[in-house]
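Read from first to last, the chains carry the letters A, B, C and D; within each, the first residue is number 1.
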Amino acid sequence: MTRSGQPASPQGDEPPPPPGFRWPDGIRAAATFTFDVDAEAAMLSDHPRTVDHLDVVAHQRYGPRTAVPRILRLLDRRGIRATFFIPGWVAEQWPAAARSIRDAGHEIAHHGYLHESVRGMDEATEEQVLVRGLEALDTVLGVRPTGYRAPNWDLNWRTPAIVARHGFRYASNLMDADHPYRLAVGPEPGAASLIELPVHWALDDWEPYNYLPGLTGTGVILSPSVVLERWTLELEALAVEGGLFNLTNHPFVSGRASRAAVLEQLIERAQAIHGLWVATCDEIAAWTEGLDLAPVVHERPSLPAL
Amino acid sequence: MTRSGQPASPQGDEPPPPPGFRWPDGIRAAATFTFDVDAEAAMLSDHPRTVDHLDVVAHQRYGPRTAVPRILRLLDRRGIRATFFIPGWVAEQWPAAARSIRDAGHEIAHHGYLHESVRGMDEATEEQVLVRGLEALDTVLGVRPTGYRAPNWDLNWRTPAIVARHGFRYASNLMDADHPYRLAVGPEPGAASLIELPVHWALDDWEPYNYLPGLTGTGVILSPSVVLERWTLELEALAVEGGLFNLTNHPFVSGRASRAAVLEQLIERAQAIHGLWVATCDEIAAWTEGLDLAPVVHERPSLPAL
Amino acid sequence: MTRSGQPASPQGDEPPPPPGFRWPDGIRAAATFTFDVDAEAAMLSDHPRTVDHLDVVAHQRYGPRTAVPRILRLLDRRGIRATFFIPGWVAEQWPAAARSIRDAGHEIAHHGYLHESVRGMDEATEEQVLVRGLEALDTVLGVRPTGYRAPNWDLNWRTPAIVARHGFRYASNLMDADHPYRLAVGPEPGAASLIELPVHWALDDWEPYNYLPGLTGTGVILSPSVVLERWTLELEALAVEGGLFNLTNHPFVSGRASRAAVLEQLIERAQAIHGLWVATCDEIAAWTEGLDLAPVVHERPSLPAL
Amino acid sequence: MTRSGQPASPQGDEPPPPPGFRWPDGIRAAATFTFDVDAEAAMLSDHPRTVDHLDVVAHQRYGPRTAVPRILRLLDRRGIRATFFIPGWVAEQWPAAARSIRDAGHEIAHHGYLHESVRGMDEATEEQVLVRGLEALDTVLGVRPTGYRAPNWDLNWRTPAIVARHGFRYASNLMDADHPYRLAVGPEPGAASLIELPVHWALDDWEPYNYLPGLTGTGVILSPSVVLERWTLELEALAVEGGLFNLTNHPFVSGRASRAAVLEQLIERAQAIHGLWVATCDEIAAWTEGLDLAPVVHERPSLPAL
């Protein structure tokens, strides 16, 4: 930090951006605040037996019932637009909550239908799930999303191609970079591409906060003040690096009172960093798309025989 | 926080309470301090083999032997009444400890018989357990409780109806809200209802503190200072939101010396917040009952076929 | 804390000691610093396959090779005597380390032979293990210990009687109290008794520090500063309560450089508390034995039939 | 710490070094900063099914794609040379990244071929893997490494002999000491020997930071500030003890922005300690080799029959 409160690189040593990448004029880094509106779907897809447990179902309903209004109020106070990834089934179950998000001007994006992992899923089913999610967002919200985030960030090697052929501009799933990039959907020359907005487990609210015995978490629930400090360090370090701070929250997790309070403090901190662009995923993807970057090709590793 | 040490909402932006809800005149939020007096029952019900392990049994007996007197002394120092959820079997095993709680003027409420989870339990057994718990509290203490908390906060979809038809005023189990509310025990029109006093895993002492190798916890035992800071943040944030801070402690866990010391500090903090009502669960439930709120209906989700 | 740096009870409200218990004149509380010298035995008994893993074996040997000399030096600097619980097999494998402990004037006590858990062990085997541990301490060190600590603090209902009939004065295993007490070894009238010096998982160095992948720990390794703060809070709170602070360390765990440094700071803190008696387990047990306390009887619970 | 900011032993009580060991004139302790460049290999060897998961593969590729350049820049800013342990397969997959490390003047050392654990591996296969790693480092980098670190720090009792007969000067795997030492590869008189540079789980970045659901970690991700504090305490304590601070980082873990920032702060702290030698593993091993120390013999324990 400089004496003016602005993050500064050590010894004024500015790192080079990836080849071909640049931010808009006057911008040196970006932050996007995203919300995965999983509600009951996150538990029902991975642990279908929890449909019998009123306690688990009610725990998940804190999101649309109590947290979404609080989060919309805080985003309004801060004057920013965020990106909400909504599973189609959640939009169908909670249409008023979903519409309140849309009507507040936030971006709506795709997050599966019942929050299904695509690991081990056959291609036809994966595409069917994607379409059903699109249909639900269209029916309930009249929205055609440009962005896709895989439930659990689980991906197979076909997923990017499926997403690209349904016309998405961007995905937000991979952990190999600090900057947005163009991702080739396969290794063959001339393969289609998507803009990728990288994420990371350390910029997710689920791990430090969430706990349901036997379902998720170990019971070590961190203090919001500790999480704020960790996220602030990464925000400031990525500002120095000129990268993208892409934070993933879940309303049922971070919409609780003291967690929402520190989330608001984090947004305030981001807004105070000179040259940091706070934007939706789609705005950042649209900018990146315009740069005509050479695509990054992720090839499937070949395991060596010994 | 304002300069006067009182929690304040950002920019004076007061959130609306749920429709129809209000606190008594002059009150803006509430806190209730509750103790689940599990003693040996919490281990014997989930892990019956531990009846053979003197070490585990003695660990649980710290509650009635050593912690309950300490907690009663600290509540007396702070001049507050708390709510003690006592499994019937525990009252039978530790009648002197149970009577000391009653005689100090605290509320006694229901917490199963041997701390049984009702997940997967048939309806007749569940009702039998509830009745046996009632009989034990009556026999040992001469008390007819108005409140019910399910062991482990485990619930099935029938539990609220069973609790309501035995005349309870309130239950304290669900995690979908920050305010007390009226819960319909089923989706049919005219269903009976209960007052629900919501809880949360982050306001429970078991996860940050408790450890028995192979039985519970990972061995990450947090410092009381860390837990105090986390709970204080949520207390202050819920005061701003006008909600209910409902803290769950266990004598064998939080009755240890340094943990009891920070619990007392937390109560002092609550008492210093202007307009915060520190009350028993029954007092808060009785107030809420008088508001004639429209009941919240929790419907069992229908899992989609793909 | 008072302004003089001495722990003080809230509002001068001194808790009563257990009936019949008192500390020596001028003493208000006590602390004992204990070391379980497990070395390889802790892994070999629970995970015999690790005998094939040089890495695990060497990890455990840090204790006698590197840590014991460091710990002896720090105890000497602080001028205190501690209690070392040494499994017989460890004394046989590391006679020089064991003798250096004895020769520095510390108490040697019993900790099994190969650090065996007595859960599920038949009575004859349990007694055989106890005798073999005694023989090893006699052969290597010429010591007849007065104290017994069960490996893992695992106990069955017969253990106290076995320990008592081999002439031990005290055991240090149970978690039901903050003060030393007399423990009846069984429920029958006139049963023999032992002095019990209670322990607790929160006053053990294994959980915050120790990690061996797949064998123990989750990989969350706490900072010594965090552990110091937690232990200091309990030390000060137990000083207020007039209890016994009984800390369990393992040389291979807490003998590492920065952990030993904070252990020394903790001992310094204990020595600075007015009226706190820093003593060996045997000294505290001998004092307690002289009080002629009524024995505490731990009965095996009867599980209810429903 | 002294008032000059230099770590000092309590009461000027300097511990003796191990028999025969000393640092170069003017040096009182040493620090080496090491990087295990695991990339995809760490997951593919232990969890081969993850080859199907683009998300896991991309997570690991953060190392060579994004982190290695950042780490090279920070080492250059600090003006130090580090040691990079690179599995042969990783060098083959990421030759440009591997060459950039070599070309920056850092030490390249051996870390298996596909990051294979040698537990349970037969001797012929273990030797084959070692050779294949050597061949890859030769082919891609033209390097013959002098140092060996076992993947996961897993060792069997034959490993040191295999490593020694392939001409390595040192290994860096064991956790039994704070100083470099000479390790006999077997118990027989006249056995060959290696220099061992001891490590420890508490000086590894994987545990506090790394998380891949179902593969590694519990989701408790510590703040870089907490990790910095813990490592700094051990650095300062080992400086007092005259030992070796041997830190293990992984580019895909600690190369993330805020973690790299605190790593740089830690290096700065090390450089500010008077008399602390910051060196590569090979430099420290070469110094130790010249001391002609008596070898430490690790014998396989004999499990007692009861």
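By our rule, a contact is a pair of C-beta atoms (placed from the backbone, for glycine too) under 8 Å apart; a residue touches a chain by one contact, two chains touch by 3 or more.
Nothing here was measured: the structure is a model prediction, and the numbers come from that model.
Chemist: Going by the contact rule set out at the top, which chains touch both chain C and chain D?
Modeler: none
Chemist: Using direct touches as single steps, what is the fewest number of steps from chain B over to chain D?
Modeler: So the least number of steps between the two chains is 2.
Chemist: Which rotation angle, from 0 to 180°, best lines up the CA atoms of chain B with chain C, given as a multiple of 5?
Modeler: 90
Chemist: Tell me whether chain A and chain B, two copies of the same sequence, contact each other through the same residue numbers or different ones, using over half shared as the line for same.
Modeler: Looking at both copies, the contact residues mostly diverge.
Chemist: Between chain A and chain D, what's the gap in Å when you average each chain's C-alpha atoms?
Modeler: 35
Chemist: Could you put a whole-Å number on the gap between the CA centroids of chain A and chain C?
Modeler: Each chain's C-alpha centroid was found; their separation is 49 Å.
Chemist: Going by the touch rule set out above, which residues of chain B reach two or more other chains?
Modeler: 218, 220, 222
Chemist: Chains as vertices, touching pairs as edges: which of line, ring, star, complete or other describes this one?
Modeler: Basically the chains close up into a ring.
Chemist: What are the touching chain pairs in this one?
Modeler: A-B, A-D, B-C, C-D
Chemist: Which part of chain D faces chain A closely enough to touch in the complex?
Modeler: 40, 44, 48, 51-55, 57-59, 61-62, 65-66, 69-70, 73-74, 77, 89, 93, 113-114, 125, 128-129, 132, 209, 211-213, 218-225, 256-258, 260-262, 264
Chemist: Spell out the residues on chain C that touch chain B in their complex, using ranges where they run on.
Modeler: 10-11, 13, 15, 119, 150, 152-157, 159-160, 173-178, 200-202, 206-208, 217-218, 220, 222, 226, 229-230, 233-234, 236-238, 240-241, 243, 298, 300-301, 303-304, 306
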